[in-house]
Amino acid sequence: MTKLKPRLSLIGIGVFAVLLLVVAPLVLTDHWLSNLGKYCCWAIAAVGIGLAWGRGGMLVMGQGVFFALGAYSMAMHLTLETAGAGVPGFMVLYDPLAPLPAFWEPFRSAAFTLLAIVLLPVIVAGLLGYALFKRRVKGAYFAILSQALAVALATLISSTIRETGGDTGLSDFKYFFGFVLEDPANRVMVYLIAAALLVVCLLVVWQLYRSRFGELLVATRDAEERVRFLGYDPATVKLVAFVLAALMASIGGAMFVPIVGIITPAEIGAAASILMIAGVAFGGRASLFGPALGAMAVGWGQSSLGSAWPEGWTYIVGLLFIVVILFLPKGLSSLLPRFTAARRSPGEQPAAGTAAPELEAVQS
Amino acid sequence: MTDASLVVTDLRVEFSGFVAVGGVSFDAHLGEVRFLIGPNGAGKTTCIDAITGLSRATGSARLGGRELLGRPVHKIVRFGVGRTFQTASVFDELSVLQNLDIAAGRHRPAASLLRTRRGVDASIEQALEETGLAGELATPAGILSHGQKQWLEIAMLLVQDARVLLLDEPVAGMSQDERTATGGLLQRVAAKRIVLVVEHDMDFMRRFATRVTVLHQGKVLSDGTVAEVQADPKVQEVYLGTAGAATTAAMSVVPEAAGTPQRKED
Amino acid sequence: MSTFSRRLRTLVATGTIVTVALALAGCGARAGDGTPGAESAAPSCVDTSGDTIKLGFLNSLTGGMAISEKTVSNVLHMAADEINAGGGILGKKIKYIQEDGATDWPTFAEKAEKLLTQDCVAAIFGGWTSSSRKAVKPVVEKHNGLFFYPVQYEGLESSPNIYYTGATTNQQIIPAMDFLASKGVKRLFLAGSDYVFPRTANAIIKLYAAKLGIQIVGEEYVPLDKDDWTTQVAKIVAAKPDFIFNTINGSSNVGFIKAYYDAGLTAATTPIISVSIAEEEAPAMGHEITGQYASWNYFESLKTDTNPKFIKSWKAYPNSSGVTSDPMEAAYISLYLYKALVEAAGSFDVDAVNAAAKKNTITFAAPEGTVTLDGENHHISKPGHIGRINANNQFDIVWSSDKFIAPDPFLKGYDWFPANVRDQLVKAAG
Amino acid sequence: MNALVPPLLNGTAQGALLLLAALGLSLTFGQMGVINMAHGEFLMIGAFTAYLVQQVIDSSDLSIPVALPVAFVVAGLLGLLLEVSIIRWMYRRPLDTLLVTIGVSLILQQAALQTFPAQGVPVKQPGWLDGQLTILGYSWPLRQSFTIVLAAACVAILSAWLKYTSFGRRIRATVQNRDLAETAGISTRTVDRLTFFVGSGLAGVAGVAASLIGGTNSQMGAQYIIPAFLVVAAGGIGQLKGTVIAAWAVGVALSCFAYWTTGSLAQVLALILVIVFLQVRPQGLFTVRTRSLA
């Protein structure tokens, strides 16, 4: 069983990869392919949330912060690429003579941009996580603090119009590392990069989940003090998961920009961060595929149900939170083993959802 | 007294003005099963909390000449101090093997964490053998019996290669047979490691204790072999005379169940 | 070890798939390969063979902006019904597809693309915030679609694929400043929400104020989603302005108005001129705002030949909010303007419509008066009006521009606007 | 006029509104461990109640005093409904209550958007709140002192209720040790329901106060929820005096930052200030020391 399962999962990732990378581009229209690309970006962030929250017990309600780091790094580069040697248009009005803000300058370089997409979230999440986990901030506190950070960042970006484009965000990108974004072939390429990155992220967590670290992470989630008494520093264990989750959110954000064509503070604030959580909860926070598939399902629901029945979709998202958390705390993915288990030995119920570890959090 | 002993001197723990432990000294050595007993609220668990870095304390607790107080929990563990809790605290969602593997993990290089476990460490097999859990290798710890969970905890301390085992009521809730088995296990373990047991169960103490320290209201009341302690009139008074009253009073002040976090008034 | 090598194999296999896929895809155009743009757009899939024509309406029906955009959506439906009752466009009945932008700008982009490529609509109508417009702009440009945007905005933009039926700055902000100058205002305070419209409007106001000799005694911004203005109003009181120029949007206006009256300010001492408070918003303030001013191109109280009919239809419309207002009227114009354009072109084809806009003088007898389309910058001429709120939350018109103001999104006709800024902005706008 | 006076006074009023919003949370979150993200929507319901009361009682002089208890009951009953239908199943899963109530808040927002005019509804201020008090040369809006008085009254009543009534004692007993309270014959179910009723009802009262300050619409609750949670956390869980001090401090900080920098930056700085504070002192201003594993 323990040997079989990871192998099955690996086959699952393979099938998923073929579906995303080979079948989807052949079958889907340009519009739906770019929608799927958008869902892939959310799914990448969701895989990270699954790691941090599902396995690590850290309810990261502010992944918008890291999504923003990647997205804005990418968007600044693409804006400069589009603007050429000049200063982006939106900056001109407020001060026509002022030079490009200093923090924009390095983003002219493609290499620096790619590096920033990877390193910025690692550094920020590293410092933040170190500060919070060492002080044993966890549970609801951690969730609310992380959400407050997302709100603060979104407000900050909204109010710095000249430096960041403000509420209107950055948009109207013409090129993507030298490729013309309007060209349908290049759009397929951008999609494939996002889809491939999602597959890579799945492979990374697949290996993590079956590794000793994965076990240690679950142990830390369920009994942090106990892990401490085994000689580990839980802060370090959590930090690794948190930083990885941040990195994935950043990558998702970075790919979101060329696919969707706009990034604004609304995509990183409280509501956006919560919607990322919704997909993960829906799919199954602790499972391998649950977060990614859940995020994609929520994205798809927004596209299709949101069109057919806009008011209804808001109610559906609301009900989704209530019903899933109330009756299926492990998400839809927990139904699958439940069915197979029921078929194998009727009457034997698998262990119900456990979320007890959070209890201690409120008290510390 | 050898270098490898645990020596606690003048240990004091205060909770917002309430003195839980007020200057306790004792020591524990290889080869003996050392018991710490006393009524509820006597400060037994608090002593262990202090030694393992969970509660802030003054005084001194040295292991092999190295000071433990004032260090973070995981550092103290790395000196070789391991403990169990009143309510068995194992990782319910993980299997017995995974539980033990994590316990054995701190000796491994960090990079090995990223690899998958292949095979079973020798130390783990040995611990499974000793605690009689060999048949439960793949069982999720959550569905073990209460006694098995306690043994799993002890097994975790063994693979962790702890030099000192601080056991907080290891036989609570066990059947008579399980108690006997546990006692035997502790006596075998004590040959190579320092074993300190906090216990309520007088019968268990009488059968397996080498030496006993009796705590009462945060102070050492008596110290010695089982016979010596039982003969001590002060101990008799606490346990027979005013024991009822003291227990009730103490219970309302310091909730004992360490597994479920609880509040206490300032 | 076998696991490890197998894993390696998987990784290699995945890598190969990715590389092959990327190589297959990576044959797209690179920068400098020639001009991208309309040529690369797929041929339009709009179906004009039947007796209906599909149009897309794109408004936020959920989320925070639904507060404003629902009405625009309703008025678009009304206009479509009216046009259909009158025989449709080029004899084809409008079949509209309503999409929800959900107050989410990427959703606006997604839905615009869906409307153009999946539903094959001939044109899209809607949007409210500048963010929504900026999200839709690249999409309609890429697919060579048409987007009609009905809200007053900060200008400094033009696109061959967008028609703007709301005011640009020289049709709302500048008339308001002219009005203030005529009132002899010397000390002006700028209060706005913290987003692009107020920031841009105030940047322009400051430039023009310098020319008019009006002193700007302070400038305050509060985030769009925050209602509490008490601290900022305390600063306004301390600055002692003659007049307040209000570019606050949404429910934050309610907080501003309440704090303003609580601080003892009144229309008699320190009046406000607003550019986002219309007939719909005025009653929701929770305070009498009689005597305060607003600058718009349309008021319900406007006396034109066409206005009574518009008001009557709207009041009778099932989803009516009861009053008419400027953004609604601009949305109403947008559909009729499209009708006029298509009929001038004799075709629904985007290029034909754009060509017709350049060649012909397209006009529409709108409720605000007969507006004329500028075929070059895709904005329409509008009258500037200043209204003063009366006890019925209607506006008494106290000042009007001499004539209809021609749209000038880049403020080319205003010498006080620095030419170097304009040049850069025109360049950046492409 | 002293430059410190306006931000201090306005900040105190701002803090008072924050306190009203946080007071209910400090009960439901602090005492029961339930993280109710729909608390902001209960506040919205209080504001809409104020509007509806004004439709019945025309005189705003009278309608606001009437609206206060009505809003308390309406929001309280809604909270009770939430407790009975959903929250009761989740006392052992606090983080999950957070997620469930996000769903509730989305539904309530959309329902309000569809029930009431989308632009929002007007709530008129009572005539006796017009005018200003002159304090050290600064004419301070009277309405602000009303918010402060209302907040102070709520705190006084709540703490007296917790301290002196038998129900209050039962709540405190249940909070300290649920199992022990149960064995002592306290019906913890009744206590839970009542606590949730009162906590949600306080949000309703806060809503009436908020309706006098800003717009009354479907989105109004969202702006209070995060600051209110931060205030409760910064004050220390289950610590009424901590909540009071934290709310005041955040209000004054917000107002001072807004006075000396910009409105947007003030929001950012205040949030960061609290986040940093909680990093330095994760247990909040005041704390009960416990001997526990956590």
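Should a chain be cited, it is by its letter among A, B, C and D, assigned in written order, with residues numbered from 1 in that chain.
FYI, contacts are C-beta pairs under 8 Å (C-beta built on N, C-alpha and C of every residue); 3 or more make two chains touch, one makes a residue touch a chain.
These numbers come from a predicted model, not from an experiment.
Closest chain to the protein centre (all Cα atoms averaged), using per-chain Cα means: A.
On a Cα centroid basis, the chain most remote from chain B in this structure is C. Chain B and chain C have centres, each the mean of its CA atoms, that are 71 Å apart. Per-chain CA centroids place chain A at a distance of 32 Å from chain D. Distance from the chain C centre to the chain D centre is 37 Å, each centre being the mean of its Cα atoms.
Multi-chain contact residues of chain B (touching two or more other chains): 85, 89, 116, 261, 263. Taken residue by residue, chain D touches two or more other chains at 110, 222, 262, 264, 267, 290, 292-294, whereas all remaining positions touch fewer. Under the contact definition stated at the top, the residues of chain A that touch 2 or more other chains are 155, 158-159, 207, 225, 311, 314, 359-360, 363.
Listed in rising order, the residues of chain C touching chain D in the complex are 62, 64, 66-68, 70-71, 194, 220-223, 225-228, 230-232, 234-235, 237-238, 250-255, 258-259, 261-264, 280-281, 283-287, 321.
The touching residues of chain C, when paired with chain A in their complex, are 7, 10-11, 13-14, 17-18, 21-22, 25-31, 33, 36-37, 40-42, 61-63, 99-100, 102-107, 109-111, 113-114, 117-118, 129-131, 134-135, 137-139, 142, 156, 194-196, 199-200, 203, 221, 223-224, 418, 420-421, 424-425, 427-429. Only residues 10, 14, 17-18, 21-22, 25, 29-31, 34-35, 38, 81, 83, 86-90, 92-94, 96-97, 155, 158-159, 161, 166-169, 171-175, 178-180, 182-189, 192-193, 196, 199-200, 203, 207, 256, 260-262, 264, 266-267, 271, 302-303, 306-307, 310-311, 313-314 of chain A touch chain C when the two sit together in their complex. For chain A in complex with chain B, the touching residues are 1-2, 6, 207-208, 210-213, 215-216, 218-219, 222-223, 225-233, 351, 354, 359-360, 363. Residues 52, 54, 72-74, 77-78, 82-83, 85, 89-95, 98-99, 101-103, 105-106, 108, 112-117, 138, 140, 142-143, 156, 160, 261, 263 of chain B are the ones touching chain A in the complex.
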